[in-house]
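Encoded as structure tokens, here's the structure I'll be asking about.
The chains carry the letters A, B, C and D, assigned in the order they are written, with residues numbered from 1 in each.
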Amino acid sequence: MLDETAKGVFTIAATPFLPDGALDFDSIDRMVDAYIEKGADGLTILGMMGEAGKLSAEESVAVVRRVTARCQVPVIVGVSASGFAAITALSNEAMEAGADGVMVAPPMGLQTDAQITNYFHSAADALGDIPFVLQDFPLATGVQISPSVILRIVEDCPTCVMLKHEDWPGLEKISALRKASDACGRRISILCGNGGMFLLEEMIRGADGAMTGFGYPEMMRQVLDAFLADKLDRARDIFDAYMPMIRYESQPGMGLAIRKYSLARQGIIAHPTLRKPGAGLTAAAITEIDVLTLRQEKRLAELGL
Amino acid sequence: MLDETAKGVFTIAATPFLPDGALDFDSIDRMVDAYIEKGADGLTILGMMGEAGKLSAEESVAVVRRVTARCQVPVIVGVSASGFAAITALSNEAMEAGADGVMVAPPMGLQTDAQITNYFHSAADALGDIPFVLQDFPLATGVQISPSVILRIVEDCPTCVMLKHEDWPGLEKISALRKASDACGRRISILCGNGGMFLLEEMIRGADGAMTGFGYPEMMRQVLDAFLADKLDRARDIFDAYMPMIRYESQPGMGLAIRKYSLARQGIIAHPTLRKPGAGLTAAAITEIDVLTLRQEKRLAELGL
Amino acid sequence: MLDETAKGVFTIAATPFLPDGALDFDSIDRMVDAYIEKGADGLTILGMMGEAGKLSAEESVAVVRRVTARCQVPVIVGVSASGFAAITALSNEAMEAGADGVMVAPPMGLQTDAQITNYFHSAADALGDIPFVLQDFPLATGVQISPSVILRIVEDCPTCVMLKHEDWPGLEKISALRKASDACGRRISILCGNGGMFLLEEMIRGADGAMTGFGYPEMMRQVLDAFLADKLDRARDIFDAYMPMIRYESQPGMGLAIRKYSLARQGIIAHPTLRKPGAGLTAAAITEIDVLTLRQEKRLAELGL
Amino acid sequence: MLDETAKGVFTIAATPFLPDGALDFDSIDRMVDAYIEKGADGLTILGMMGEAGKLSAEESVAVVRRVTARCQVPVIVGVSASGFAAITALSNEAMEAGADGVMVAPPMGLQTDAQITNYFHSAADALGDIPFVLQDFPLATGVQISPSVILRIVEDCPTCVMLKHEDWPGLEKISALRKASDACGRRISILCGNGGMFLLEEMIRGADGAMTGFGYPEMMRQVLDAFLADKLDRARDIFDAYMPMIRYESQPGMGLAIRKYSLARQGIIAHPTLRKPGAGLTAAAITEIDVLTLRQEKRLAELGL
């Protein structure tokens, strides 16, 4: 079971599809193996980047079962939905299938501090004993969560064990939360998203690791390993080698297509297919990615990676 | 099967719950009977006012089956969801259970004309032969649909047979759509929502009826009957008798609680329970509703109703 | 100077234009006289319904000077702008010209409680001694302000003397604020907007009056007078006579055109002109208004008004 | 006068303030000189990054006059405001003071294609002969403008001579616009913003240059010069040297503080002051910037820059 001590690299998994849009279970297996081989300490499935909203309830359960059956590291399952009945249904199925926890983002439309706090109180009630990750991703949800609101939820809900930190800008938020837990507050795990864009600054501010799904997921492992070995300059060099691609992948609404293209290019998944509505890549975009990939490989080679 | 000639009163059904939040199937039966007895030409279930988003996939199917088993008039099922897989899954179950069509609202976040058109093209593709209602409810969805976009969808998608008109303000939109179909365009059914707030103006502008869920659903029948019998002054008198309550029910986020209170007060459903997150009514609100109800009854008695 | 004891009817004034869009100063004079004659205890100018955003800085000052020169009752000036420099500039000009206070709405985009509180702290700082009205109008601003945030601002900012209450739904907010001031908190004036749509319920919940700009502003005087004389049934009868028009005027983005048409119809302003971008009325809309006006006159005559 | 042939580097200028928030005219002079010395082909003032919304009308005019008096390259003035009266007033003052054109962003809240098109038609009407830049910055305005809408405005409004391209993702938009002008459409200038984040991809897609305000504005000159000299690899090397800082500056709501800190660090402006509401930098953030600056300097030195 997921708890407050979780750290390291939790890779956000894509959901592979066949060209006709059906689930590609073989690619799921290969992808799970590849993520772990590339250094994942855990996986997060059915997040926004996992096209969770495009699966039927039945398909979601099927994906969870396939991943948990294959995977030896902890699995977190995104269960965000329009209501608590759907959240609870998938959460229970997921935990039964062997998941270690679930992740909940606030629904679009929440605005005041009280609305957000109440939402997570109700979510915690609905989830019972299941440990959950609070996903804080304002660019996607439109919901701005103050540090004080997060702290309130952390104090009130013992099953809230992790923050998926994806606010932008968000560095001061990490500092504020760590200042509070350094004082006397309960300390939960903070893993950071945003495609890794601010990974080193986030670690320096007090994050416990990364939870994101960059197309070359070994980046997170390599950067964190250098950081944790106190080789900060080398960590920056590695990070800078990947940064042009991280930047390119950061384009909202296109990032997933870029990521799936990279995963397919590496043979990790069989097809870069997205379900509709989902942007494909134009020839121009593919050329841009290919150029960036070559430069990235060159830079990494210079770094002995 | 629902088609472009649909008209009259389609009552938006609540979803009744027991005090513990479980589905109240006995109340569903009683409510269906009452709606029909009070003049419904059709029912629309699992709309926003049916708390559709708060049901699990399994519960949604259960509600559809219960209603269609009980109901002799056409049934439209709201199937709006975060993705087409969920939409298709529920739609197929609904049609198999005997529903006559489905209703689709655009997801939050769509903005440009092209995004909206593409969405409904994809929805129509996903639904295949199933006739669908385009729900145009900007106050809830945040999506503004121009008349030209609706016309484009109507021309491109033969299975789009009805507009649930709930734009606000929306009277000019009805006029624009009717002007287009009077010219040479395909004519679809327009049924109006917004709690009935502009029902007579909408009918005069060319709407085919009402699709809304006011707590005293006989209002729609009575107003439409007088209107269709060319007794416009009487139609206005009847409408004005209900208007203080229509106005009170129009409060967003509270309307459903008010409506369920009224339905329970009349014995149509057993409990006014809403699922969380959903506002209950304070004592002050209940007093306000009771006062309005008494005045409404008095006015209706004066009108011989 | 405006203070916490303000109450009664503050009419929101339109800004009259000539057909070419220039300011119509003669109509300003006539309108001010008419508002006072119809029972205004105060005027609020340059609000959203005063097309404040469509005036240049110079024109805004000209309007303030004309109104304050003509007007014997207190004048509140809407000063909402994109930044504090513009707010301060207009506020100082307004107070010098004889205004009694200013009104500030939060800018679009504020979300968290802290962002809103900080904004009004800064606004109060920038305004110095000038008393201000906090305008709480989420439908227009997109900013949701919790009762606790309003209470915080009221405690922290002694120059915040009034709430323009225009949340929707908002009745529970009035009750919450009054409960707090009944306990021990500072009590400020609450005047209610929303076109008067919930005026009686608002008064019963503890509001101090109305601040809105319905096209027949005597409605507010007549309803409040009956309410304050403890003739609640008569207050409801009067309110119900105006309600079909209040409802029609509530259409967002069209309300101002309807109101200006009504004011021009009564000879209060010379032209119903709106500045661009602003919707004109179609022939169908004008017919609808005319029908409602006739019925309203008949009902009022039956009530001896 | 600005026209469709504009290209190269238009630097978005900050607005320097003294520590007490007053305009710092001496720094304006020094900054204008520095921008030109660092390679600007033109300046854009009073944009969002120029804190335009925080200036009074009078202050805006004062800034325009100071800049145009000092500056030998073309000057574009941001004139976005809540209404056309304010836009016209500032535009006329700006052109009289010697500006070459103005820039207009759509106001928050526009949604449909027709609303956006109508807005720019009205803006063009209001501006008369003044050439204007259409600013397309959805992340800040919330307004999504389709390529077809831009093309429509370009065809209808001969005074629309430039697109400030700041959509995100936006590369396909450049391709779509260039495809249209390559076919037969009118071709306008496209200068790109977004802090330069995608500068090379944008140039390859057909942009005419950069219009942004990165804290080391020589970056745009150096990258464009290498690109235009067909030294694409060198252009990428230079870009990559700046990228960690470009990325850091991309944090919304903090970017301006970072930029002003960098400008002050280089002695270009005297103080990094922002007007309220505006975030200052914490000690942790300043350390992060300093580290990035040192690495940037080292990298640039390696490149002989």
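In this text, a contact is a pair of C-beta atoms (placed from the backbone, for glycine too) under 8 Å apart; a residue touches a chain by one contact, two chains touch by 3 or more.
Just so you know, these numbers come straight off a predicted model, no measurement behind them.
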Worksheet item: So which chain is the furthest away from chain C, centre to centre on CA atoms?
Response: A
Worksheet entry | Interface numbering overlap (same over half, different under half) for chain B and chain D | same
Worksheet item: Could you state the distance in Å from the CA-based centre of chain A to that of chain B?
Response: 38
Worksheet item: Using the average of all C-alpha atoms in each chain as its centre, how far is it in Å between chain B and chain D?
Response: 47
Worksheet, complete the sentence: Distance between the CA centroids of chain B and chain C (whole Å) is 33
Practice prompt. For chain A, write out the residues touching at least two other chains, lowest number first.
Written response: none
Discussion item. Touching residues of chain C toward chain D in the complex: what are they?
Written reply: 51, 53-59, 81-86, 88-89, 108-109, 118-119, 122, 275-277
Discussion item. Taking the touch rule as given, give the residues of chain B at its contact with chain C in the complex, in rising order.
Written reply: 168-169, 171-172, 175, 197-198, 201, 204-205, 236, 240, 243-244, 247-248, 251-254, 282, 284-285, 288, 295
Fill in: Partner chain D, residues of chain B touching it in the complex
111-115, 143-146, 148-149
